[in-house]
Amino acid sequence: MEIHQVQQRLILTSRLDGMGLLPVKVLKSMSGSTLVALDPIGVNSGDWVFTIANSAARSAAGDDKILTDLTVGGVIDCWPPQNLT
Amino acid sequence: MEIHQVQQRLILTSRLDGMGLLPVKVLKSMSGSTLVALDPIGVNSGDWVFTIANSAARSAAGDDKILTDLTVGGVIDCWPPQNLT
Amino acid sequence: MEIHQVQQRLILTSRLDGMGLLPVKVLKSMSGSTLVALDPIGVNSGDWVFTIANSAARSAAGDDKILTDLTVGGVIDCWPPQNLT
Amino acid sequence: MEIHQVQQRLILTSRLDGMGLLPVKVLKSMSGSTLVALDPIGVNSGDWVFTIANSAARSAAGDDKILTDLTVGGVIDCWPPQNLT
Amino acid sequence: MEIHQVQQRLILTSRLDGMGLLPVKVLKSMSGSTLVALDPIGVNSGDWVFTIANSAARSAAGDDKILTDLTVGGVIDCWPPQNLT
């Protein structure tokens, strides 16, 4: 899993039916890259979260048939830690 | 999932039968790399889209037997956002 | 598999039920990036471990239904080796 | 999928039985890295091809039991395009 | 698949039972990163090998239940080639 900060909700013109109805969030990785994940938890902009990738992302979205390769798995307290360089 | 901009349709001399008949598009990632994806939606050059990778890409192409590891999942409005650095 | 050094236990405000009850650890890769893994072994901060990714990570967590894409697979002795640049 | 240029056939001292009998090719990615793929099509050195990764690579090799994570999926005409920077 | 050079056998304090009994080897990629793979072939330090990742890595280790995401698939003759920059 990786640690990301939530940027915003993604506004979509169209999406495949198989993605279900979960909100889609734009995330920023710790190295600065931009990713997109399904959000079954309801996280807010600015929250630090960790994400689950690949086949486990589908189960994490609530159904193995959901079309996703990245899903928010939880919210992290106290990040970044003060004792981590 | 990741965010990409559509470049062009890819012209193929040959492809494996198992890839089906969906158009194949060249995409540019936000970090500048070039990728290839199946397009079940019918996106246009210049569109910003998000893509689904790996096993979910096969389902996203309409059939788990389709040979793909990257499929266009939807079109994004208003990208890049003005409030995102 | 990859080699990582354990940083700390991750404190979570919320996590998906399907992740089970294993501790979640923050790891640092040899190239300096930060990752998060489930820990079925009980490793300590500072330990060098190797991690198993993707579908095998789920089995490594003890149950193929566990939601993870990275799991600690073992502790490494004598790392980094003196004869490896 | 990604776009690669074929370098050469790979000469192997030994390989696992489960890889089957397809030729193994060395590919160069557009960013300069070197990869190895099974080739069910019969591509030539210098050809531009696109490759299919992970589980779809196994099906692309003709049998889901084939041991591969990267398989040549097709040959590309007119690459690199003149209108792509 | 990718091309790696074998560095050494990895000495482990503990490992998960599901990894089986194959030796664990430290590999160096062509770009300089360090990886860990199961070795069903019996390769030696200094050998150039190619590795199979993800789900095929489990089959390559001899049993789909083996916990691995990277397995040595074969030994390469004459690497690096003299005609490859």
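The letters A, B, C, D and E name the chains in turn, as written, and every chain counts its residues from 1.
Note that contacts are C-beta pairs under 8 Å (C-beta built on N, C-alpha and C of every residue); 3 or more make two chains touch, one makes a residue touch a chain.
Since this is a predicted model, take the numbers as computed values, not measurements.
Peer 1: Counting shared numbers against all numbers at the contact of subunit B and subunit D, is it over half, same, or under half, different?
Peer 2: Different, since under half the interface numbering is common to both chains.
Peer 1: Averaged over CA atoms, how far is the centre of subunit A from the centre of subunit C? Could you give it in whole Å?
Peer 2: Taking the average C-alpha coordinate of subunit A and of subunit C, the gap between them is 19 Å.
Peer 1: Roughly how many whole angstrom separate the Cα centroids of subunit A and subunit D?
Peer 2: Here subunit A and subunit D have centroids separated by 32 Å.
Peer 1: Give me the residue numbers in subunit D that touch at least two other chains, ranges are fine.
Peer 2: Residues 54-55, 57 of subunit D touch two or more partner chains.
Peer 1: Just walk me round the ring: subunit A, then subunit C, then whatever comes after, in order.
Peer 2: Listed round the ring from subunit A, with subunit C adjacent next, the chains are A, C, E, D, B.
Peer 1: Which stretch or stretches of subunit B touch subunit A in the complex?
Peer 2: Those in contact with subunit A are residues 1-3, 30-31, 40-41, 50, 52-57, 59-60, 73-78, 81, 83-84.
Peer 1: Write out the stretch or stretches of subunit A touching subunit B in their complex.
Peer 2: Against subunit B, subunit A makes touches at 7-8, 10-16, 18-19, 24, 26, 33-37, 54-55, 57-58, 65-70.
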